[in-house]
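Okay, so chain A shows up in both of these, paired with chain B first and chain C after.
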Partner chain A sequence: MSNGYHIVVCAGIVPDPLQTLEPVMSGSTPALKNEMLLPAVLDPWAAHALYEAANLAAHAEGSKVWLVSAAPKSKLQQVMMNVAQKAAFELVPIDAPANGFADAHSVAEILAQAIHSISGLDRSRLLLFGGWESASRGAGVTMQLIGEQLEITDQFQGVDRFTVLPDGSLEIHERIEGGRHLVSICSGPPTVLGWATGNLPEPRNNPQVGMANMRTIMPALQKTKSTSLTQNVRYLSVMPPRQQRQTRIVKDRSAEEIAAELLEWISQE
Partner chain B sequence: MATASAVERETLRALPSDASRQVQWGFADRYDLQLLVQSSRAVARGPVARLVAGGGRNSHEWTEAKAALLEAFDQAGITAVFMEPEEGGLFAGPKNFALALIAFELAWVDGGAATASLAGCLALAPIHERGTEEQKQHYMKLAAPTTPGEDRKPWRGAFCLTEPIPYVGVDTGMLNGKIRIVEWKTGEEPILQVEKRGRFITNIGFANFVTTAVDSDDERIKGSCMVILEEADPGIFDRGTPTRKMVHQLSSTGDPIFNLRVPASRIVGGYDVKDGVLIPRYSHSEVIEAVFRRTRVTVGVMTTAKLLSAVEPIIRYQRGRFRGADTATPGSVRYELGLQAREDALHRLVDLWATGEASASLGFAAARVFDELDPLEKEVEKLYAERGISGGKAKAKFLRGVADEAVTLMQLPRDDARRSTLLSDLRLRFVALDSLADVLCPAAKLWNTGWGAQMMREAVSLMGGYGITEDCPGFLGNKWMDAQLEATYEGPEAVQRRQLSVTMTNPVFLAQFREWIREMREVASEHPGTGACALATAMKLWLWTLDHLQHSKDADGGRLYQSARQGVTFPLADALCWLVAARCQIVDVLRLEKSGANDASLAEGLPGLVKFMTDLCNVQSARASGEVARICAELVFGYDRHPAWDEDGKRACWHEDELDALENLMPGINSYAIDVIAGDGSHPAKAGPCVNCAGASRFLSLHAKLDGCLTGSRLAKDRAADAVSKMMIPEALDYPA
Partner chain C sequence: MAESILFLAHVDESGKTLPKAAYEAFSAAVDLAHRLGATLTVGIVGEGVREAANTFSGAGVRILGVAGPDFAHPRYRSDAAALEAICREAAASIVIAPATSRFLRVMAGVAERLKGQIDTHITSFDIVDGMLSAKRWFYRQRLEAVIQRAGRPWFLVMDCGCQDAWSGAQGTAKIEMIEVALPENCRRTVYAGVRTPNIDAQTIRPDAKLLFVAGAGWCKKQPDGQTHLREAESIILQFLEESGASLGGSKSLVDQSGENQAVLGFMTHLNQVGQTGSTPRHPKGLSMCCHGEEPHVVGWRFISERRAVNLDPNCGWARGKADVLYVADAFQVIAKLNSLLAAKAVRTEEWCEASHELNPAGCQQ
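What follows is the complex of A and B.
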């Protein structure tokens, strides 16, 4: 592609995965205990999308990356101190109380609106990136909903690989069961890609990149107005995924026997 | 599932966030520094931690794995921080605070990694502070990290001052390194022969250049200087064998030998020629003074990081100590609190945390002061040049000219109109700030590392046997030992005490100190829980003691406050450090309370955080006051001779028969008299008659007042302990152990 892609990456923030996540009720909506106080990171699935976007942009001249994020802005600012060093992008912040329990429809709506209002965004070159899942509650539908709101019908979820073919069409590997991939060819943008883990390592921090990004990030954060989210979801109960550990030392058992026992143990859940 | 109301109790809820530290330590408006913190942290908790966990500290040699860290530093922007943008640096302006933050982040995981990075800056510092423009440009560019596509290896440097025994150590004047002129053709640059042996020189295993201190061994060279040596210079550049050190093993240390020919243009800061004599523009001591007064702050902050990094692993250890035992079922005190059910375990942790906070506040305050001082110093240098003032003595005289006005400035109320007039005088502003820097730097180096090392031992203790194993999470055993090096290199404690014993008597500083007393009282009236009132009283006690010692003699008529009397001056310097650190801690917590409220990411949980931090201030102020009271009492009374049961002593006592006679006139007098000589001449069983404290009544009343000021400090400790037992911590440490 001669003049590159316009890649919009949608990424929320989530508590650092090492933190203790304890759901509590805040009014009628659940929340995580002390979530505002805990260090946050860019949602890891979406972060992979960002690294893939930066890599693609670096190899397709004329491309540009936007990072659209709905989050409490002061927390987003802290996260940017790290993320802004990893790739060149322009931040489109939305100051909203988005967290793992927010209604995915409302989140998708404000994200779609924000993308819609990015000036100079060329729909014919648009690749809408995000995570197919989230390290928060993971509704798993947000990217699809944004795509629908923006009327982009070519959608791929669980993407691990994205290749631009010589004719400009896109080859996309979507993760399916059994460690296998579904390979599709898409004629070109606009398209939605919900990334799984991709293939790229987390880029090292580079404060030079960070400083360059910050010139636009800080004013954008300062300008952003607080937005509320409608909540149409009612939660009856929430709990963090349970971790179980049962250790036993077994000898003289075949791999099949062990596998069968593991299967039985998993199916108890 | 708990309800939110249970969460809303106003106590510390989680470990202080980055946002709160940015406000507390004064860099909330510096995103360049915030970026740098994140990139340094990623290196520290990534490659550095992996290397330590993988046993990288178990060799004295400079290994490839250790060398790889230097590249990681380059890529993370750490190496470039020391440089100006035109030299390949990250940002313009003073770098002290930035370097302190980097040291903090690296030493959070490993002190040796911090040293390896900072020793490069130390090597460049003589050139940066006193080098000629050409030297600066040349070496900064060589040392700047490469940019993508550039085919060059960045140069690394070492700073070589210390010499094999019996030469340079604490005493930097005992130079054995020599410099001679071996060739001096008319109209050309003289060629010098430099002979130097170094001891314990950091970075020597790989340094491409060395800045070294040498003395003249030639009547055609005047005095000492620093010279730059390069590995390719003709002659011997022998790196020596690696030092078998038990600390900071991720840095390279060795005892090099140099015997090299270099052009005279390598003299740091250049030289003049007068009557056929080469006169270096700066003596080695002038250069190292300019260097160390900055770099020592950074070292102080390294120990700080160790203390604060110990909090999380200790809490996790304490809480999980009994989990898994049959008797520790979920929900039981044993399961939920573990060792945190024990008061002493919590109290000691609170002490450790409070020390860490005070240490951070002092270290970062010092770094910020130097950032403020740097541009002023440059302006003053220009003034010297304009007025043709050169040489240490002439410069000092020039500055002394405004000392009285600086004292006046300190004493003026904050809203006094005369302040702005006085502050418009550059020289005066410089003198005022310089007097503060002169105290804060040695205080941060001395107290943070010295007392920090003691408290690291406490941290190790709290982990039990685990603490002194390689498996201890957070590498606490290593950190304990590493702290001892931080107390030693770049001037051991004696050097800092010696400096403080001079700078703390500067009238300009003392005027500022008096202002602090007023400030602390004011703080106390608005924030009574901070311990500021006790601190103000302790400050008064210290001031009284200093004045007393400066004007008193010992029992044999010897002057008490004088440089040779380190038994007097050094403890008083220690006492001052406690006060200065506790004050900085309070000032930072007040900033957190005031500015934190405007920060949305801090607003939630801020009251609890401030309450906890306030309690830590109170704990620390009480401890500081106690230390000051103990030191001052020893100094005030310790140099008087104790009365004995000799003729003089007995004369001052009551005699039994006198008392009996008086009892008829004043019934009950017998029970008031303490020192009574019996009819057979025997005396009470003690060292001598009690001391008459004439002349020290002001001291005694201040001391008694101070005791009372400690009221409530243990309640603050109890509250802090309770908070520590309830706060959330992450599930696991964010770096391997």
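What follows is the complex of A and C.
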């Protein structure tokens, strides 16, 4: 395609996976204890979507990448310090309390509105990227909802591979049961692609890309206005699992003895 | 408010029946309908729905169907159109569907078209204060919540492995077929097949009784100061073959392939278990050479019995995450285990041959 693609990546932020999560009630809606103090990262599968978008844009002349993210502004700024060094993009920030307990319908609505408002976005060349499921709500519905609201009805979820064929059509591999992939051919944009891990490693930090990105990121963050989210979900309880196992630690046993014990365990119905 | 329930399913790849997950979710739908005093309707999509519908004939429910070549394979546009038509015909307040990959890709879009609301990965239902409530996990199986919604229709996509599969008498079901005419632009996307990853063997087996998880330790230097990758590959594959286990991997191991380090050749991101991977459901799990840190172990949430082999007695598994931790060299243990499994298989074969001579119909392997 001579004019390239307009790639919009939707990505939230989530607490660093190594952090301990403890729920607290904030009014009628749950939240995470010390949520604003927890180190945050770009949602992992959405981050893969960003890397795939940057790679595609680098190989399709005339392409451009936007990153649309709904999160508390201060946390988003913190995460962008790192993410901005990974890939070239224009940030479209939305200052909203979009954590795992926010309603996906409300989040999808503000993301769709933000995409609508992107100046110069050519919908006929639009590839809407995002994570298939987030590491917070993990519902796998937000991208579908945005797609419907933007009237994009060629949608793919759990995408691991995306190839532009010589005739401009798109070959897409989606994860299905049993570690297999469903292969589809789509005639072209606009499409929605909810990414799984894809095939690209995390790019190395590039300070030059970071500096170029930050020239537009900081003004965009300063301009963004706080948005509230409608909560349609009533939470009756939220708690971490209580199960703690009494681990039996077996030392000083030969490999033969351990193997025999494991065999007996495996063979039990 | 009187509720009415629509249960949705699609015909599986055989074209004759439904996926196991559908019968599990149907079991939950039947139970819920009984508890709510709600009417229950079934909607089925596929190239042909007759045989699949017959499996529900014993349930005594209304059955709606959308069939035709356009609905043989998963495709967002055609699946969404078919499901939308069924939902509009049934006009139910609660829609329950199984969490198959086909439905997970389309159900939210259908909910949006019907101005409904959706929650996925539901593990169970309950009635609280006379209202339907659903349980699901947040933050990748780290927090469990019970939720309610006032909005209707409420779409609930139920995870597999949470209920016993429904079974009932089969007969000839009465199906109300719905005609869904697809506009030509619905065919912008075409099905091009299903591909198995390019690996030596199929290592992901959702129905296996045992999950075997390999950690990054397999690729580290062993006591002789060398890595033994080829040996590790060989004995792991042999173990998978002998035991029928499904293979999982920790993120640290899977990521090494992306970083072009020497890794186990058959390990891909699809095998990854944990916070950024999958959360499989198997009755038993065996981990070797994996530290058992929290981001990985959240992927074990639905593994009932857990054992681990690791050289570090203070690894994460020792801190209440496994039932048994064997402090031992995994290379030695799995080699011995393979020998025992092979010997057991030979004994079983000999026993079957002997039984067959005595009673030709006696041993069905």
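Points to keep in mind about this one:
The working rule: the second predicted complex is superposed on the first by the 238 of 269 C-alpha atoms of A that agree within 3 Å, B and C clash if a C-alpha of one lies under 4 Å from a C-alpha of the other, contacts with A are read in each partner's own complex, and residues count from 1 in each chain.
Convention: a contact is a pair of C-beta atoms (placed from the backbone, for glycine too) under 8 Å apart; a residue touches a chain by one contact, two chains touch by 3 or more.
Note that this is a predicted model, so its numbers are computed, not measured.
With both structures placed on the common chain, the touch criterion links A:6 to neither chain B nor chain C.
By the document's definition of touching, of the two partners only chain B reaches A:74; chain C does not. Of the two partners chain B and chain C, more residues of chain A are touched by C.
In the superposition on chain A, A:64 makes contact with neither chain B nor chain C. Legend: residue contacts after superposition of the two complexes on their common chain; A:179 is shown touching chain C, with no touch to chain B.
Once the two complexes are overlaid on the shared chain, A:125 sits clear of chain B and of chain C alike. In the superposition on chain A, contact is made by A:265 with chain C only, not with chain B. Touch criterion met: A:18 reaches chain B and chain C at once. After overlaying the two complexes on the shared chain, residue contacts for A:153 are found with chain C alone; chain B is out of touch. Shared interface residues of chain A, touching chain B in one complex and chain C in the other, are 18, 20, 23, 30, 237-239. Listed in rising order, the residues of chain B touching chain A in the complex are 1-4, 6-7, 13-14, 17-19, 31-32, 34-39, 42-43, 75-77, 90-91, 599-602, 604-605, 728-734. For chain A in complex with chain C, the residues that touch the partner chain are 14-15, 17-18, 20-21, 23, 30, 44-45, 100-101, 103-105, 135-142, 144-145, 147-149, 153-158, 160, 171, 173-188, 196-197, 200-202, 232-241, 244-251, 253, 255-256, 258-260, 262-263, 265-267.
Residues 19, 73-77, 80, 100-102, 104-109, 111-113, 117-121, 128, 133, 137-151, 188-197, 202-206, 210, 243, 255, 258-260, 268-272, 275-276, 284, 286, 293-295, 301, 305-307, 309, 313, 317-329, 332-337, 339-341, 344 of chain C are the ones touching chain A in the complex.
Those residues of chain A that touch chain B in the complex are listed here as 16, 18-20, 22-27, 30-31, 33-34, 36-39, 72-75, 77-78, 81-82, 84-85, 204-208, 210-211, 214, 218, 237-239.
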